[in-house]
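Below, chain A partners chain B and then partners chain C, in two separate complexes.
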Partner chain A sequence: MSSTSTARVAPIVPRGPAPDAHRRRATRRRAARPWLLLAPTLVVLAVLLLWPLARVVNLSFQDYGLRELVSGESNYVGWANYAEILGDSYLWTVVLPNTVGFAVCCVVLTVVLGTLVALFLNILGTFWKTVCSTAIMVAWAVPAVTGTYVWIWLFDPLNGLVASALAAIGVIEPGTVNWYTDRLGFYAIATLNVVHHGFPFVAVTVLAGLLTVPKELYEAATMDGAGAWRRFWRITAPMLKPVFAVVTILSTIWDFKVFAQIYLMPGGNGGNAEVFNLGVWSYIQSFAQGKYGLGSAIAVLLTGLLLVITVVYMRTLFKEEDL
Partner chain B sequence: MRRPGGALTWSAAGRVLGVAAILAFALFPAYWMFSSAVDADAAHRGATLVPTNLTWDHFVRVLDTGGFGQFMRNSAIVALGTVFVSAGVALLAAVAVARFTFRFRTSVLVLILIVQMVPLEALVIPLFLQARNLQMLNSLLGLVIVYLAFSLPFAVWMLRGFVAAVPNEIEEAAYMDGASWGRMFWSVLLPLVAPGVVATSVFSFITAWNEFIFALTFLQDADKYTVAVGLQRFFGQNTADWGAVMAASSLITVPVVIFFVVVQRRLASGLTAGAVKG
Partner chain C sequence: MKRSIPALTAGALVLALAACSGGGGDDDPTDAGGGADDGGYEGQTLTVWIMEGTNPDATGYFDGVAQEFTARTGAELDVQFQPWDGAHDKFVTSIAGGTGPDVAEVGTTWTAEFAELGVLADLTASIEGAGLDGDLVEGLAEAGTYDGALYGMPWYAGVRSIIYNKDLFEAAGIAGPPTNWEELTAAVEALKASDPEVIPFPIPGDSQYSLYPFVWGAGGEIATESDGTWTAALDSPEAIEGLEYYTGLALEHGSSTAAADTWNEADALAAFEQGNVGMIIAGNWTVGRIAQDAPDLMESIGAFPIPSRDGGPAGSFLGGSHLGVWSDSDQQDLAWEFVELMSTGQAAADWSEQTGYFPGQASALAEIAADEDPLVAPFAQQMLEAGRSVPLTPAFGQIQGAKTVEAMVQNVLTGRMSVEDAAAEAVAAMNETFSAGS
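Up next, the complex of A and B:
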């Protein structure tokens, strides 16, 4: 493109102000190019992410129900939705503990398990390292939806593997125990599901980080008589601090917005209000109860919570590297 | 790390145990899924670890009377549509942020990072209302458009690493030979980042293939269901046809697992390139 315009302009006006103008034009074109390349992405993000976000905030200040859905009119009620949510003891005793407690448990277990697996893989030979990492890749790749159904099936109170095995050794009477109706039991199964799905990411990332730690450091520490425990806390942990920061914060963000894994479990789609987290509560209020305004307010609350975590994430990331 | 006598056998035994534990924990759910799918009496297998009567009946039932073939076609259409558009759009944006220095470049990168944190639960309400107004509910095209939005930021972020990994000198050599920017992009840059585009596309494909919350909200007629929603068909009021559920789950899972394991190397290198390198 630029070569043709050079050919056209140059012979006609060999000197004077025109080459300057031409150079300016070329500079401007070069300056515009990144924006032209970015334009489609920015348009998509603006229309499909930023605009809906603005809309959900707007909806959260409305009593938007089925009537408004049909008529398309707005119905502003100020902070009423937020007052209703924040004044509801259900939020403080059920939904928030479910969301935060579940996320904290999942993150701690995911990061600890992932790190242990990475440390273990690091001492294996190439063959077994490949075999094990392929196996954990399979665990990572199993879709959340089908993975959830497998866990539900494993813990099925009537014929599932766990109930049958426990009944066989006489711990429980078959068909008398239903873990899903109990809040703790429900979330224990959900935690198992999410940790199983999440630890491969941590393991793979930490393993990649471990490869960057110079071997000499460990050799020197071993010579000084440091055991494996001391070597981990004195060398590995400080060296991999940025890696741990990133996997912890990313896991936190992901575990706060777990939806399908809760919604698909028995009772999670509306049957048992004891087990909702923020995302499921918002969805049920909107699409099952038809209270889109209230649901939006809950969604805004969840988004705000994630935004705070994201800011922490960005801070950590920016300290480590210059974008 | 050879130590005399007992220490060696203990550490070897520890490794064997460790490998066994990792393999068992990582693979057991997938094994249980597949083995239930081929077990003739899946619903009553209880704690029997090996399926008793092997059969493909569950698969036949799921595809035949369950209409799961249609759901898989729908999912494939949606996923491929998402992949083609998002790969192209994301590559352009990745070139912009990896190859050019311009004002607000950092702001654009921060924006791309931040929008990945937005929970889908917050987007599903306004996008549902919007799609309803535009008569896009119950349409696969509507889903493609929505999936584009949340596969793009990740794709840009990952491709940026792949583009940055191509040495600047190669690009400059193309200019020296008289190539225009467009020519350089098509003949030099694109072939070099093609593996990265493939890896990123696989990830977009998986995201779209598995997506649940939007498919659940948008699709109303059974003939439009994608696999994640179609699975619910095999659940009764209080019972589940576990053989069918596990057979259908296997049909969803197998292509994803194969794709994922095949591109794992590329994916890991792209992730670290995006995360570690500037």
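Up next, the complex of A and C:
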């Protein structure tokens, strides 16, 4: 109804007896229209995203265990869960450094490697571009669980390819070194896994951006004597700023909340508390220990952290007028 | 709390249905077995959750059981297989959502926890009514008891002993299976000396059940109870001695490999199957697994009970499964019919034969123990003479979830901590969980 009536109203506005009233009503209708059209999407988002989020926040203020889960009762304890987490030195010395350090390394490596691959793909002819894109897409298509097991096997301390290769050149003796028990070794393998799984997305997205940059800019710059390095920083980087912003933010979010790749690695599911990140810690507290309230508080903390990082990042990357 | 409304509604609906069927007089647990042979459940379907992977031919087995069940009761059987991985989570979510089955296989360490939550039905009257109460394997019945009542019907059980490679033992000139710690150490050193490529006795860092026999074998305890309060005891001198001996095998006698620091039992078994591992702690059910994975190795494997310090079998965790009836099921009688069918007679015997696990009925177990099979008798001896259970409190489930004991072993194996420090840390964590209540 709204669309037909607005259509009829619009032309008669100038001739009407009370143009202001008409215009106001028309403006209101026009303002309401996008919301009406968006409503189905918003409802779905609210059900899928907002409700679980609200539920997790609600849980984080409760001492919620199996008993509450079964009975459906609430058991509010105020900020106790947050106090317990924030007052735990384990958060500051192990979990947070693991999460942040790992994410920073992964994001930097993923974006750099992805960009390099995109630049490389961009100079290839159509045939080889297709072949190489397909090849890297395979890495992306492999499910995280499968990919993780492949890396675990590669680095198996006794029979793995890496151990055998190192043994063959006489660096180590198989079975004497176990990378998984060491925090740095553990995360080095996890980083390889996550970067390998994440760079194709960056490469493909940046490649799509590269194709939109007018060739004339590069030609003109080359005429002026700019080298490849300079062309990249003076033309490609500024032109693709929004693309880089998107891939960096998405990578940051993904790498902060990495779970399966850590949990599935030897020691990552609880045996070695030195290698937990926020996601694994939250899972262990919630599901292995039945402390759903505490686990939720950790999850809220992770969400808050990501929100802050994203906002700060957007602010520094774009000036106010760009947004 | 809106989310629990559907759950509550579902629960109320189930209760209402239960009340309706109760009007027919067949909801009274004490009258279980009354309608056993004349059917009377036509048109009903019983939903059952069974753990995946215990029986290599589970589908074939349950096809047979379903036929028998329908013949007896007239009802249909719907068996759904659940993977052990994440099974606890799945149970918990189904409890919260009111979407559980009628009967489920419940790991023995979970039964007390679920019983306390009111998820499982009290089976005491049914078990007594069927005259089965005097013939249950003790350790299993103990684990299925909560607050004096039986919530889990003993179904099958298993125990860990040591499986060894006879060829490697022979090559190392070891006379016979070790019967105390001194002989075990000697065997490790002989294996190491005969061939440096051989891993004599891997110490898997991600396995709590491989450690306990050494704690118990030295006279220690995991935790002790007094007046309903549990206290961790892994820092007692006896437990420390066991932990020191166990990790010392790897650290001082070279029985293990750094790779094993993060192994679980499955990893140790996989290494054993490759043929250059001297011995491993393994469950009686793994014999069938080896036969399947490495049939060539079967000729050369043997088993012996895990020795205690001064000789004789050391305590070893008696694990297994109960069959539990869900308290909100509206088919309590039919559920018991199924539980009885599964845990007694031919169905139980077939299950035990096909899976390599021991039956939950004491008389059936005694029959198997009398068998002289060299790959069965040592396990049966360990189970009958020294079968032990872990602390029977829901809090211990949380401790297992947190992998406190595994972390302790790994901390020692990787050299991060001394035995005393690692034990002290584990004890502190355990006591915190015990004192927080379940």
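Methods note: the second predicted complex is superposed on the first by the 260 of 323 C-alpha atoms of A that agree within 3 Å, B and C clash if a C-alpha of one lies under 4 Å from a C-alpha of the other, contacts with A are read in each partner's own complex, and residues count from 1 in each chain.
The criterion applied here is as follows: a residue touches a chain if its C-beta (ideal position, glycine included) is under 8 Å from a C-beta of that chain, and two chains touch if they have at least 3 such contacts.
Because the structure is a prediction, the values reported are computed rather than measured.
In the superposed pair of complexes, A:Met314 makes contact with chain B only, with no contact to chain C. Of the two partner chains, chain C is the only one touched by A:Arg67; chain B is not.
Of the two partner chains placed by superposition, only chain C is touched by A:Ala288; chain B is not.
Of the two partner chains, chain B is the only one touched by A:Phe120; chain C is not. Judged by the number of chain A residues each one touches, B leads among chain B and chain C. When both complexes are overlaid on chain A, the residue A:Asp156 reaches chain B and chain C alike.
When the two structures are aligned on the shared chain, A:Ser164 is found in touch with chain B, with no touch to chain C.
In the superposed model, A:Val142 lies in contact with chain B only, and not with chain C. Contacts of A:Leu49 after superposition on the shared chain: chain B is touched, whereas chain C is not. Of the two partner chains, neither chain B nor chain C is touched by A:Val111.
In the superposition on chain A, chain A positions 55, 69, 72, 156, 287 are in contact with chain B in one complex as well as with chain C in the other.
Remark: chain A residues 55, 65-67, 69-70, 72-74, 156-158, 174-178, 180-182, 266-267, 269-273, 284, 287-290 touch chain C in the complex. Interface of chain B with chain A (complex): residues 15, 18-19, 22-23, 25-27, 29-30, 32-33, 36, 43-47, 89-90, 92-93, 95-97, 99-100, 102, 105-106, 108-115, 117-130, 132-133, 145-146, 148-150, 152-153, 156, 178, 180-182, 206, 209-210, 212-213, 217, 228, 231, 240, 242, 245-246, 249-250, 252-253, 256-257, 259-261, 264, 268, 271-272, 275-276, 278.
Interface residues of chain C, counted against chain A in their complex, comprise 1, 3-4, 7-8, 88-89, 92, 95-96, 113, 117-119, 199, 205-206, 257-259, 261-263, 271, 397-398, 401-403, 406-407, 410, 413-414, 433, 438. The touching residues of chain A, when paired with chain B in their complex, are 1-3, 31, 33-35, 37-38, 40-42, 44-45, 48-53, 55-56, 59, 69, 72, 117, 120, 123-124, 128, 131-147, 149-151, 153-154, 156, 159, 161, 164-165, 168, 196, 200, 204-205, 208, 246, 253, 256-257, 259-260, 263-264, 278-279, 282-283, 286-287, 292, 295-296, 299-300, 302-303, 306-307, 309-310, 313-314, 317, 321-323.
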